[in-house]
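Shared between the two complexes below is chain A, which has chain B as its partner in the first and chain C in the second.
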Partner chain A sequence: MNGRTLPLMLTLPSAVIFIATFVLPFIYFFVISFWVVDYFELTPAATLVNYREMADRYVGVSVFTLWLSTVTALATVIIGFLYAFIARFKLPGFADLMIFVVLITMFGGYLMKIYAWKTILGNEGVLNSALMAVGIITEPVSALLYSPGAVVVTLLHFGLPFAVLPIYASMRGIKDIELEAARDLGATSLEIFTTVIVPRCRAGIVTAFSFAFLITAGDYITPLLVGGKQTLIGNLIAPQFGMQFNWPLGSAMSFVMLAISVATIFVFSRLMARWCRI
Partner chain B sequence: MSLEILKSSSLSRRSAMKTGLAAVAAAAGLFPVRTYAASTVTFLGWQGYDDPLVFDGWTKSKDITLNTTYIGNNDEIVTKLRSGGIGTIDLVTPYMGYVPLMVKLDILQAIDRARVPNLSKVIPLFLNDPNLNPGGVLHAVPFTWGSGPMMYNPAMVPTPPESWKDLLKPEFTGKVVMMDDPLGNMMLAALVATDAKSPTQLTSAQLGAAIDFLIAVKKQSRAVTVSWGDMADALSRGDATISFSGWETIQKFCADKGKKINYHYPKEGTFAWLDSYCIAKDAPNLDVAYEICNHIIGVAPQKRLAENAIQAIVNTEAVAALDPAIKALYPYDSIEDFGKKAGFYSFPPTESDGTITTFQEWMKSYERFKSA
Partner chain C sequence: MKGVSQIAWMALAVLIVVFLLAPIVLLVMFAFTSRGIANFPIESLSFRWWDEMVNHPQFAISFKNSMIVGLSVGAVSAIVGTMAAIGLIALPRKLASTYMNVLILPIMLPGLVLAVALLSFFVSLGMRLGLWTVIISHVLFTQPFVILIVHARMANFDYRVVESARDLGASPVKAFFTVTLPIIRPIVIGAALIAMALSIDDFIITSFTIGSGNTLPTLVWGMIRTGLTPSVNAIGTLILILTIGSSLIALKLTRYRG
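Then we have the complex of A and B:
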């Protein structure tokens, strides 16, 4: 085995897994998005009817999903950025501990976090009980749970580690001497922040936004459990692969949302690039 | 050798001779006789419906290995049987509404009543349900049942509303909970909001009226939950005080959480459901499948189902043997009256006749409710 084949051999297992579990299903679902269902059977066709149906019937839910995903992703990036900023620049002595805490939260299961928030936000939950105990409110605030806000908070909690880690990794690449050089050249703290720190963290910020956005846009469990009456596009896609047995329509809906998600991330990336004047 | 013969559903002359020899050998005490050889039976059904079989080591005592695949919805049974499952799957557990469709698709086989003697102990209301007997021929062994009553918190709602429509009154704004159960919700809404003779035989206008009513209830609701367990959570935590549709077992879920929740049948009534054991077409282990169908409606498995899963049962002897507290969860003592309050409705049509809406149209319309 020579020096050229060894890397190929080492890459092979992961490539096989990636192709078998992602690329091939991806191609399969893309192909059947042009098929139809005839009496509980997938029937090959070459039609755009599923994409037309997506455009006719699901625009409203798609826009709501896009809006909620963007809000969640921006909130996650901002909070994640602040956390990483404090760990890197304000409390560097505690940085390892702070990142360890973030990693610890990843061990908690997804559903466990959802049910934890249900316990916190419910009518008889921790938050309402505490607010009533100190006399801030006299009746439970029922809007805490089963609302878009509850979905954002829950997904923010879930997505935060995925935001903190890439942003913190970017910040660790910023050397103190760079900040000192900027300061020596007369930059204010705000200018250092906007012209040095943020641009140097651009890759981490875009990665964090992408994670948080995609997690929200593809989620259908959180809205079901804490969203109350909220419906995201995932809640309408999932039944197409179950009760409605309309895989072609479900596939078309998925690919449209994928395209919208990629476009949103691209726009965010360009906005960040413009900010950073790159 | 004899065991293989017993597995066969038809006996040739040669195999009959072998059987005779085996019987003689068994009678002479040469080797023990077992009813069946070790069999691997493929079960495709709801999680928990296999529990009464494995409970108390019954399957092990019969050398039966259950190869279980759990379903997330009834359609999975149809799709799996239609996509290569025929000849490999033995048992399925569809909701009664799907049975006529599955018979029409020729994926089930008729039940030979003589091979299921425990059918004689089944409450006639369930055994004679037309859905289980398409064309007058039994195709499903009724196993467990329930309905969609109104659940309410008596501490907050001392007198439950007379009508489902009362849920739209201002005093219930933000206090109603629904479950994301498309078929149940649409049947119930059709019962309440339309003049259809059957809530599953709806014209487009009636379907539209049913969805409009569902949307109105949704606007009154605090949440549309993903499961009955979640509905029980919402009622137990005080997030909701009353429900649109429900399940009798929810009162037990809530009692376990320390909250008293009752159920009630408003004047329009509700839908009922009946789940069954069916034998798939060309089931590879037909004899064992029959023995399982008979066993699952026996007294011990039915008691297990009632006491462990808190589900309603069909065997009269098992009902009589239930603990009074468990028995009180369901209207066993007024089962005929229950039949008047909760209807076992057929499945919506799957093919259009130009007038009555199909199941596919129902599901598309339901998305209007989900998106509202």
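Then we have the complex of A and C:
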């Protein structure tokens, strides 16, 4: 056996799993977006009817999903960046503890986090009852739950660990001596921030944005539990594979959603690249 | 002046930490209170929701299913992912990095898209949905984590010890089991525990690929949808103990810090 055969053999099981449960399912899944459902039977075809239906009926929900995902992703990146920034530069003595908290919450359960926010924001929930007990408000504020804001807060909470970790990892690569060099050359704190720190974190920021965006764009549980009447595109996709039984339409919706996500992430990463070239 | 800004940064950090931890702490707290609704003021402490949880007709089977899936996924992902990580480290750097970026693609995709793609594929192949299809699907999105964790450790692995073993006459297989594996064992176990935690926590992919059975998260989902039953908090706390518990051990074993 030569030098490369053994390493490649070792990766074989992973590659087989990847092809069998990712590549092949996605090829099949893409193909059925051009099929139709005829009398509750999945029927092969070569039609764009599902994409046309998407364009005719679901532009509104797609735009709303794009908007809400962008807001969530930006909020997650900004707060995640702030947290990583404090841990790395402002309170380095607490950095290990701060990152530990993030790692713990990362494993704190997807469904349970959303449910926790439902119990926090509800009419008889933790926040309202606590505020009433203290006497700040006399009647429950019902606008807390079932609003786009509640969806953003919940997904921000879920996505934050996934934003802090890659940004913090990039920040750890910045050496103090680089910052001192910039200062010696006459840069102000703000200049150091915008021309050294942010550009050096570009990869981490783009990863964080991508994660947060995709988490929101593909979510359907959060809008169901804490969102209002306004749903996300995921809430239309999921039923196509259950009650509504229209896989081709669900597939077309999924690929439109993925295309929107990839395009947005691309735009964001170009904007970051432009910022960093100053 | 320095003191004031330091306090401001500290306050901001505390605020974000509270935001991160509060939902989880409240969830656990209300699993031990007597009233039916999660709010203040708390009347008294009680274990009644835990009694109710244990007596739920679906609880035992869901717990068992979660354990079967979690342990199988942990074991399979750890073995397959470790093999891949060891293989990748021996490949030329550029090829390895491209290869790895491809293998970790599944964790970038929204769970819903993975779930419905897998569901339609399994059904089209005529596979019966059940724990098997859940395990296969979970291995897909947990093996990237194992590969990343083990690969990071292998990157600063001292190969001279393996070479010494080979020079002294050990076969490659024997060198692996007597030298390499004992050294990387904590990392592999840590990675297996992370895979297990992710698997036990997963709801979306499980709910689409399990067919008619239940795991703990899908059981919780059924309870949430049919109204606020407070034993949801008890089951949620149980899931948290399982996932955070195993990831804590994993963090200790892998000494992973961001």
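We adopt the following convention: the second predicted complex is superposed on the first by the 276 of 278 C-alpha atoms of A that agree within 3 Å, B and C clash if a C-alpha of one lies under 4 Å from a C-alpha of the other, contacts with A are read in each partner's own complex, and residues count from 1 in each chain.
Just so it is clear, a residue touches a chain if its C-beta (ideal position, glycine included) is under 8 Å from a C-beta of that chain, and two chains touch if they have at least 3 such contacts.
Since we're looking at a predicted model, the values are computed, not measured.
Chemist: Return the chain, chain B or chain C, that is in touch with more residues of chain A.
Modeler: Larger number of chain A residues touched: C.
Chemist: Tell me which partner A:L214 touches in the superposition: chain B (first), chain C (second), both or neither.
Modeler: A:L214 contacts chain C only, not chain B.
Chemist: State whether A:A75 touches chain B only (first), chain C only (second), both chains, or neither.
Modeler: neither
Chemist: Just chain B (first), just chain C (second), both, or neither: which does A:I86 touch?
Modeler: Touch partner of A:I86: chain C, not chain B.
Chemist: Applying the document's definition of touch, where does A:L144 land relative to chain B and chain C: first, second, both, or neither?
Modeler: neither
Chemist: Contacts for A:I104 in the overlay, against chain B (first) and chain C (second): which applies, first, second, both or neither?
Modeler: In the superposition, A:I104 touches chain C alone.
Chemist: Of the partners chain B and chain C, which touch A:M272 in the superposed model: first, second, both, neither?
Modeler: Touch partners of A:M272: none, neither chain B nor chain C.
Chemist: Quick one: is A:E124 in contact with chain B, with chain C, with both, or with neither? Answer first, second, both or neither.
Modeler: Both: A:E124 reaches chain B and chain C.
Chemist: Pick one for A:P13: touches chain B only (first), chain C only (second), both, or neither.
Modeler: It touches chain C, and chain B stays clear.
Chemist: Is A:R57 in contact with chain B, with chain C, with both, or with neither (first, second, both, neither)?
Modeler: first
Chemist: What residues on chain A does chain C touch that chain B touches too?
Modeler: Shared contact residues on chain A (touching chain B in one complex, chain C in the other): 118, 124-125, 221, 225.
Chemist: Chain C touches which residues of chain A in the complex?
Modeler: 3-4, 6-11, 13-15, 17-18, 21-22, 24-26, 28-29, 32, 79, 82-83, 86-87, 90-91, 94, 96, 98-113, 115-120, 124-126, 128-130, 133, 157, 160-161, 165, 168-169, 172, 210-211, 214-215, 217-221, 225, 234, 237-238, 240-241, 247, 250-251, 254, 257-258
Chemist: Would you tell me which residues of chain A are touching chain B in their complex?
Modeler: The touching residues are 39-41, 57-58, 60-61, 118, 122-125, 140, 142, 145-146, 221, 224-225, 228-229, 231, 235-236, 239, 242-245.
Chemist: Please output the residues of chain C touching chain A within their complex, sorted ascending.
Modeler: Answer in residue numbers: 6, 9-10, 12-13, 16-17, 19-24, 26-27, 30, 37-41, 79-81, 83-84, 86-91, 99, 102-103, 105-106, 108-113, 116-121, 124, 136-137, 139-140, 143, 147, 172, 197-198, 201-204, 208, 217, 220-221, 224, 228, 232, 236, 239-240, 243-244, 247-248, 251, 256-258.
Chemist: Which chain B residues qualify as touching chain A in the complex?
Modeler: 72-76, 78-79, 82, 105, 174, 180, 182, 218, 221-226, 230, 233, 237-239, 350-351, 360, 363-364, 367, 370-371
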